[in-house]
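Heads up, the next two complexes both have subunit A, just with different partners, subunit B and then subunit C.
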Partner chain A sequence: MADEPLLRVRDLSVHFPTPDGLVRSVDGLSFDVRAGEILGVVGESGSGKSVAGKAILGLHEPGQSVTTGEIRYAGRQVVGAAEEELRQLRGSEIAMIFQDPLSSLHPYFTIGDQLSEAYRVHNRVSRKAARARAVEMLTLVGIPAAARSYGAYPHEFSGGMRQRAMIAMALICDPGLLIADEPTTALDVTVQAQILQLIWDLSQEFGSAVVLITHDLGVVAETCDRVVVMYAGRCLEQADVVDLFERPMSPYTWGLLGSIPRIDETRGDLAPIAGQPPSLIDLPPGCSFEPRCGFAFGSCTSERPELSAAGSEDHLARCHLPVPDRQEIWRTQIAPAL
Partner chain B sequence: MTAPLLEVRDLRKTFVRGHGSGRRVVTAVDGVSFEVADGETLGVVGESGCGKSTTAGMVVRLIEPTSGEIRFAGTSLVGLRERRLRPLRRELQMVFQDPQSSLNPRQTVGTILSAPFQVQGVQPSGGVLAEVRHLMERVGLNPEHYNRYPHQFSGGQRQRIGIARAIALRPRLVVCDEPVSALDVSVQAQVLNLLAGLQDEFGMAYLFVAHDLAVVRHLSDQVVVMYLGRVVEQAAREELYRNPAHPYTQALLSAVPVPKVPEARKRVLLTGDVVQDRPVGGCAFRSRCPRFAGELSAGDKTRCTEETPTLLPLSPGQSAACHFV
Partner chain C sequence: MIRYAANRVLGALGVLLVASVVTFSIFQLLPRVTKVDMAFYYTGRNTSPAQAAAVSERFGFDKPVWEQYWTWLSGIVTGRDLGDGVSAVHCAAPCLGYSFRQNRSVTEMLVQAFPVTLSIVIGAAVLWLAGGVAAGVIAAARRGSWFDRGSTVISLLGVSIPEFFSGMLLIYALTAGPSWLRWYSGGITYVPFTQDPVRWAVNLLPVWFCLAFLITAVYTRWTRAAMLETMSEDFITTAKAKGLRRRTVVGKHGLRAVIPTVVTLAGLDLGALLGGVIIVEYLFSFPGLGRLAYDGISTKDLPVIMGTTLFAAFLIVVANVVVDACYAILDPRVRHGG
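Now for the complex of A and B:
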């Protein structure tokens, strides 16, 4: 193998035992993140995308969940690593930003103090140097009058400014990987555009890879290089962003694309996916999407499909339908109706 | 010419926040006017704090307007007493954003859906029970689940219950306030198709309030764009989405990410965000307006600073509130 990816996830499972049964939030997930790339992880509620994101940072309490499989960051195994080792990794190597910046910022401390602290945890520098670094980061993420904003409390910032501050905090130690979990979902669309642009610009400038977790295929199309489509804890498709939107190879991806009203054209009736996602306690024995799939046949109900090449080496999908059949269905039935 | 089903004129709502020296008046809706024709959908779109939900609340009289006029089917709703308002509620219904908090958790679906018939004293020909079961079927719920409670349904199904309640008495206008924003895309599409199908079948009008411009495009005949309490642009759907006139509408439309492979798209990135830098007097959008920041001459800018633009017709069916469109 030529070069090891920055992040390598293999057969990752995160299961939560509950009184009702074992919740399989993430079940056999594999993907790579290469240095400097933006990987989109897209899925609906309960697809396991956020649970997987937290697992990369080792944020699941061992007593309340069972994480198995392999997460290797720059050659270091995260699953099962000691808390001390994880603590070193978090912030300095892998950083995370969340959907709601207000609940991830401490209300009692100023934005600047929280930034400086994040820097000093991983770097032996004076308070003064940390402060200078924090002001520099605030400027970089586009916060006006950074020196004055240093002393502001989170409640004094608007939603967009708080998310900028979170991004500044996440990038202050120059991590190799940023995990952004629905970073723009709580924001207005004009502010979302600013924040996505910022994440993109900074990933170019710092060379950080980004895992962008989102429910919005539009955000994926405009921001990401590669995409993982998740459904009920499993990856149903992963591909280069161009392949995913021009030649999707999973009936679930077709369903998502058929469900979205478009801003750039007036569509006729939407073609929604029938029914609801399955219970994560009682997953179907075969393909997890089979109960809602319009193309399911015999073996879909009983056999779990493997993630396999679909069209090109880099394009993987989990579906029993033969690849030529799927190409034909996409070309003749799905694409014309979009 | 027939009168529109709903006519809103110069609607205004101010809220008083704080008290003593911290007391200040917030103008949530500032002189909004529009009409909804029978059987049509008017989409109201804007970002948080633009006053769209307050406007919806005033139309159904859940919020008392500070001033202005709301005429529904020829009757003025402002100041109307509850006793006179009640018969009108048969014709004027609402679907809320969060079905969780707009359905009583201690009532079964059957009870929730029979309530409109009881409150209005309507006796459907086959009896209330049969009608409720029919309604459940029509909105895509299993009528056998009549005795279940809201928490036993998924989010999408709960929104179907809310819709069934709103259409139970065949109203002429349904006000929908962000009815699909809490739903996942696959379920959202189901509910959007349901709303469209019900309109085809029963011919009611929708006042459809949402922040999602694509959803609004999908359902609306006419669209109103609001910014900080005022209408900045109003047009027929295709006009608005193909030739947006107001700089805010242009920026808003270009900010929406499109789920297809990106070709280079010219994006108008606005600076700042809505609430923090609301300017006083003149055009409220100027603090974020790319034209104000760029091409306009000093003299033109004075006009933006001093004179509040009014909504003026540009062409038949399209108006915008900007001095320089």
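Now for the complex of A and C:
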């Protein structure tokens, strides 16, 4: 690939030294995000998705964490960059929204002030101009009576409205990349789809790429172009979304697919993957999913599998099972049971 | 909102009524328990039984307790005449009692002493709020730095050195210490603000420092802890992710979140201290409420003790109401009755 992607993550590791030992929250993670693309990052809770997302903004305190590897945004290296350089990137080039909009908005400042502030920190404009921009953004995300809502406090909004305001704040400087960390998890089921739709619409309108972090493969299927499947700080599989759902090549992804509730559910039994994720302090020496994998064999316990092509050039998976065997297992055992 | 305020004021009045009953009972019943005639507390030790009986009758100590209470309480509102028609003294409303030892109404004494205590407490509050909050914020922002460690040590000293010890050292150093420190060789006396504002401030300065030292230490520790807690909140992550400068993140978003609680703490402390700062006033011989209460106790001047106690209770109740009002102003969630 000759053209450089918008975001290039290579061998990213984020480790936290704690009294109990080194927590390897992200360990050797690599992926690309192309301009305008929506990349899904899925994995069970605790697999390092949020830590990876914050690392892209350089949000981990250097004193309390060790970040290594490469995060290159539009040619600029983020890992190890000076604080001032990171600051100018945050909000203006890369923006982020979070799981719980209520705790993520400051309770004592009005929605409008928080939006204006985000705009003014990166643009030399008058208060009035910033206010106009904020109202424009609030209107754009579908907040009724935006001019009046400008003076409202976060607690006066509903959960969905708050997340809309967060999205408006994130996009106010027209960033090239939006990181959305489980943006619908804390919301009512009824508004989840609306918020996802909004993120999708706006990413099209603004031409922003999106990293959509979620533990819900259903969300990925509806929204994303590519998918990274994370487990215990590592990527176990990444592929185009159609490829991933039609030919998943990692036993962990099979497990995740098995735990999606389906509308046409006839059996009614949801099968979450048995067992618990490993401790991030004591990772198994071999494949990190081996203790829970139903297809593990000899080398899985001792040797860490590499991320390698599985089926096509840009479909990567980390698994010792030979590719044809996996294709066979998927076709004959897993897919029919789903 | 108005209903809420009315409720608060009514509640405050209720608390005051209870305080008045308690004050009255303690000081009226005590003589009965100790079997010392009430009259002695009013006139002094060298009173003959015949004189005591005359005094008792004159002031109505022979009447039922509830009637005495009512006379005392209504006197606060309407004023009262003490004694028989011949040598009666009029005690104008609000009459908090009359000291026959000093031939002055207690209200008059309170009015004279209060500005002294107010001068001490307000100046000290400025010092401890500015010093404690600033030091706490900086210590939290630079956790583990030399500043943080240093302020921890100084704070520990502050809270562990008793006021009378540091106060005595201060007075000694400033009035009789080495010549380069003997800034107050003329002594430290209270000069009313209205008489000479400069001398007022100059002479109060050591008193302010003496009182503020300990409290600053408490506020530093407390602000540091509150800031550290705040800095791990989600809205702080949002503020960083917007690309705000660290100064803004800490000094605006962080500090704003702890201000309502600082104000609460300060309000309650002010309410308690305004009733009299006994040790400091005694050390510096400043004729404030603390000194008045102390003298009242040591001379067993009952009306003075009751008056200062009730006034102190009144100030605490007022402080509570003011703090509630401030909280409603500072926290929009309370303001909107959320």
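Everything that follows uses one rule, which is that the second predicted complex is superposed on the first by the 332 of 338 C-alpha atoms of A that agree within 3 Å, B and C clash if a C-alpha of one lies under 4 Å from a C-alpha of the other, contacts with A are read in each partner's own complex, and residues count from 1 in each chain.
The rule is simple: a residue touches a chain if its C-beta (ideal position, glycine included) is under 8 Å from a C-beta of that chain, and two chains touch if they have at least 3 such contacts.
All of these numbers come straight from a predicted model, not from anything done at the bench.
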> In the superposed model on subunit A, is it clash or fit for subunit B and subunit C?
Replying inline: fit
>> Per the contact definition in the header, classify A:L57: touching subunit B only (first), subunit C only (second), both, or neither.
In response: second
>> I want to verify the contact counts: of subunit B and subunit C, which reaches more residues of subunit A?
In response: B
>> Once chain A of both complexes is superposed, is A:A118 in touch with subunit B (first), subunit C (second), both, or neither?
In response: second
>> According to the stated criteria, A:P272 is in contact with first (subunit B), second (subunit C), both, or neither; which is it?
In response: first
> After lining up the shared chain so the two structures overlap, which partner does A:H106 touch, if you call subunit B first and subunit C second: first, second, both or neither?
Replying inline: second
> Counting only touches as set out at the top, which of subunit B and subunit C does A:L39 meet: first, second, both, neither?
Replying inline: neither
>> With both complexes overlaid on chain A, does A:G159 touch subunit B (first), subunit C (second), both or neither?
In response: first
> Can A:L12 be said to touch subunit B (first), subunit C (second), both, or neither?
Replying inline: neither
> Is A:L316 contacted by the first partner subunit B, the second partner subunit C, both or neither?
Replying inline: neither
> Nearest CA pair across subunit B and subunit C in the overlay: distance in Å?
Replying inline: 7
> Where on subunit A do the contacts from subunit B and from subunit C line up?
Replying inline: none
>> Which residues of subunit A touch subunit B once you look at their complex with the stated criterion?
In response: 44-45, 158-161, 187-194, 196-197, 215-223, 241-242, 245-246, 255-264, 266-267, 269-274, 276
> Given the complex with subunit C, which residues does subunit A contribute to the contact?
Replying inline: 54, 57, 59, 63, 83, 87-92, 95-96, 98, 100, 103-109, 117-118, 121-122, 153, 155-156, 166, 169
>> Please output the residues of subunit C touching subunit A within their complex, sorted ascending.
In response: 144, 233-235, 237-246, 248, 253, 256-257, 260, 330-333, 336, 338
> Considering the complex alone, what residue numbers of subunit B touch subunit A?
Replying inline: 47-48, 154, 156, 184-190, 192-193, 196, 211-215, 217-218, 237-238, 241, 251-262, 265, 267, 269-271, 273-276, 288
